[in-house]
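Each of the next two complexes has chain A plus one other chain: chain B in the first, chain C in the second.
Entry: the complex of A and B
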């Protein structure tokens, strides 16, 4: 038994130590690592009916990944332009939602973090309440607002600003508003946590030295809040790229989200390996993108999630 | 930049921000009381509570709530246990492993829920096959898979909540208990667990809420046990009714209620603590007066107002009967429809008249050429005039009556055979 384990059992007792160890191992290995590896393995296999699994046809293949890039074999097009377009559109839209949320939330987080008083607690409560409401219901609420006979169209047509109802859903405005709405809290809280610990004297000092307000933010607050901003952006990006409910409810009929393709592969086409391959592509691309952004903005991995 | 302008713009910004955040919820709640069959706020038809009745008769919703509660309970137990073990392990893991370990247990928060659902489904399906079990075994049961899949990432949330409190724990307390002869299990149960209780409670609440509202993971794992969220999603995707608004209103009301309750309790604790610091011994010996619960406690006042409002609404709902109003709206709609039908009929009539006039003109023009002296030929000269009036003015009844005498006066006088005779 290695020294580390011996010490661990000495400290916690055999029974307690064993319980802790088993729970942690079950979680990390049984629930996190093995399922991901299993999915990775699965994505390299052909789609076979259950009796043939483990048979001679069950060999490793790249066909699921090739399908994403080149489309069905013998297809008329050189590339699988439909799926690829959906994939890149999802990534670009997720980036846009993240930037929108950052711009929207930074002033609020700064205000909440730097001002004192009783009303801050009420604001915090008002921030948290929408987050306790079901994700589906939040999307549903936006659909009532953005629908063809929804509140916005009724108001604007009633005021005579537009002649005909504007189709927010087909133009994906409802979708972006919904995605931004869903993850506001995840952007505000990390930034708020960091800015709250910023000594107000630093801002005062910058102001006394004659810096205009935008330079105070650019040179003092934002560099200080960088860990919070990066973890907020990471979470919002990952979650909106992996969102399923909002695109299903608010997305236009002609525009799909990549997760919807995965969902279709699993539920409609019954092609699990294909779905697993798409999921792997999404996961790996998102992680690589986040790592690249962190390298670009010189943020350490350790700062995230603090 | 002017300071007061900056202050004003901050308030405007806050107002817009919170309107974006809370407006949809308010609008959705309001639509639950409108009798329109499509959830909408305008046009307002009638105040009604029928959607609540409809909601409570919906078997699928009720079944979904039951499944959600079962799955939520399972997820709370499993993820709080794993989160606590994970947090304890994090405080004493070998330093070189620490960063890797932390990355692994924090990763599920960032992995898309869809991916977690798929990996859970694929992995346990494979285990199930390896063990040679059938499709109806425990391992492919929807409840089991959903609990496992949700716990994967909810345990990470719990771990974060628990580790924050665990860092303030003085390990010397456990050591003292061990020195005094307690076993490790006793020290855990009697010393560490009571210290961790507030954090465990908030982790449990967080876990339950996260489980209750989860969609992305559950949609792959639920099998034959759809949760409330799944049922809602299916309803919303294939046609929306105000019954969903009614459910949303109930959830919003419950959320606001518990948030206020929690806030009032915290505020009261603060006030009591502040009073203790200032109070003398005699004052402390006396009972805490009841009204002090409200003194300087906005949340408590709001809570009471909220409770009274709820009771009033429920009271009205039992006594209120919107049938009359609904009948009125129906009647109004019927009248509108009738009016529209009549307008349509009128339009048709006009078109028919026009067509007849045209036909008559054409019919008249052909026989008119061989017999130019015929009276009927002159009479039809007026037809083009009335046709022109039809095209220019929408209501044809008045111009016709106006034109007819004028036309008679203009042409009739000249061409009238009698007047010719009179001229002789």
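Entry: the complex of A and C
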């Protein structure tokens, strides 16, 4: 038995330790790993009607993955440009949402983390309470704000700033706002947690040592907050790349999110293997991208858990 | 030469006055210690000198220049923080070079300055380590090093030893004293609540109390001739006994009939009009000696503490009021005094007189 397990059992007793361990294993293996493995399995199989499953035609194949790259066999194009474009657009948009969110949330988190007093608790509550409202309702609320006859257009057209209503939805502004808004807390709180533990003397020392404010952030606060920033960015990126409700409700008619394609494959086309393959591609790409970013910014896996 | 001058400096937070009427003239090469009970504003005063806290009133001059609105880095000061405030992601070298790098000093000069400071502080083997790989005392030295490389006119220390354990505190205290000796031209201001640090390090001590300066003086001046009851009781441990009484004889020597029954004689002279005045007689516990005749104080020993080198006697209170118990500190080991009635006296030159809280010393 490895040392940490022995210590774990010593601390919790055998009965309690075993219960906790089994629950954790059930959670990770039973609810996460096994379903994902079965998805992985699906993705390598042809889409067959139920009677033929397990039959001679049910063999492993790469056709689902090939479909994403090359499109239908004998199709008019060399590549599946529609789906690929959606795929890359989704990734780039998720990166943009993440960066936008970071720029928006860092000052808020810094303010919350470094000020003292009761008003901080009120601010935090004001940030949290809107999230009691469910995601769909929040998305539709944004539609009310951004719609063609929505609040913003009524105001701006009424004031005479614009002649005709601006289509926020077709231009994806509503989508980005919705995605940005949806994950604000996931960005703020990890950064807030780290910055709260930053000794305020370090900032004062930097002032004493002659650093201007931007340099204090660049050289002192941001390096210190790096674990929180990377953990927040990872969550926001993963969740916006995998978001479904916001693109469905706020996305323009011409701009699909890759998750919507996956949803269509599962639901409308009833092609689970194809959907599974798309989902796996999205998952693996996102993980590789995050790992690459972590290496680029010299973040350890352990930091994410902070 | 006057290095740093405070004139009528005040600090207010909204309607709350924290400090007022601070007047202080600090000479080049002095080591000034600000000492006072917690919450007396000593750290605030230091931070005002550093430029981290706005000065609400009065002026701060450094080398004759008014510095009230000059940003911290341009005041020619360097501060050492209580929590060290080292940057955890930077090596010792980078931490020490931080200020010079921001000031865009050429790399060769930075290197030389860091090396020199590291040599003074014996940090050379640790230059490439991160702060977390250092002991508390070493971190403290890095924090001092970060100040030294800037070659400031005035060093500011904010309770630099309070995060260290007792043994290390004594060692670091001696190191700071040595450092000061090695840099005779640099001026230092040092904030502490520990009076031993104040007594051992300071060339002059500033005692802060009640939003202002209670007394400024060399450590021994404060000990031997405190201006008021606050300083008398703040400096020295256990603190000075204050015994109420009435002056019965004035002249070059003053006699006081104590309310507790004893008679005290002090070398502090008084005028005839002081006859009958209510005063407090101040006697340090260590100035009491056992006596057979003419006691200043006589009481039952309620409790003793034997420390080996000295024995502390706590006398039972006459009345069960709020006044503090009288304490005597006798040299050596005194056995079997608990429960006994003991008489103590003090030499007239060791007897202080306070009227309305202020010393009657002319």
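Going forward, the second predicted complex is superposed on the first by the 283 of 306 C-alpha atoms of A that agree within 3 Å, B and C clash if a C-alpha of one lies under 4 Å from a C-alpha of the other, contacts with A are read in each partner's own complex, and residues count from 1 in each chain.
The rule is simple: a contact is a pair of C-beta atoms (placed from the backbone, for glycine too) under 8 Å apart; a residue touches a chain by one contact, two chains touch by 3 or more.
These numbers were taken from a predicted model, which means no experiment stands behind them.
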{"item": "Three-chain arrangement built on chain A, chain B and chain C clash or fit", "value": "fit"}
{"item": "Which superposed partner A:100 touches (first chain B, second chain C, both, neither)", "value": "neither"}
{"item": "Superposition-derived comparison: chain B or chain C, residues of chain A touched", "value": "B"}
{"item": "Touching partner for A:289 - first (chain B), second (chain C), both, neither", "value": "neither"}
{"item": "First, second, both or neither for A:245, with chain B first and chain C second", "value": "first"}
{"item": "First (chain B), second (chain C), both or neither touched by A:166", "value": "neither"}
{"item": "Chain B versus chain C as contact partner of A:70, first or second or both or neither", "value": "neither"}
{"item": "Partner chain(s) touched by A:156 [first = chain B, second = chain C, both, neither]", "value": "neither"}
{"item": "Smallest separation of CA atoms, chain C relative to chain B, angstrom", "value": "10"}
{"item": "Shared chain A contacts, counted only where both chain B and chain C touch the same residue", "value": "none"}
{"item": "Contacting residues of chain A [partner chain C, same complex]", "value": "199, 201-202, 204-211, 215, 219-220, 223-224, 226"}
{"item": "In the complex, chain A residues that touch chain B", "value": "4, 8, 11-17, 19-21, 23-24, 26-28, 31-36, 38-39, 42, 50, 53, 104, 107-108, 111, 118, 121-123, 125-130, 132-145, 147, 149-151, 154, 158, 181, 184, 213, 234-235, 238-239, 241-245, 248-249, 259, 262-263, 266, 272, 275-276, 279, 282-283, 286, 301-302, 305"}
{"item": "Chain C to chain A touching residues, read off their complex", "value": "47, 50-52, 71-74, 77-79, 81-89, 98-99, 102-103, 146, 150"}
{"item": "Interfacial residue positions of chain B with respect to chain A in the complex", "value": "1, 6, 10, 13-14, 17-18, 20-25, 27-28, 31, 38-42, 81-82, 85-86, 88-89, 92, 94, 99, 101, 103-116, 118-124, 126, 129, 148, 151-152, 155, 160, 183-185, 188, 209, 212-216, 219-220, 228-229, 232-233, 236-237, 240, 244-245, 247-248, 251-252, 255-256, 259, 263, 298"}
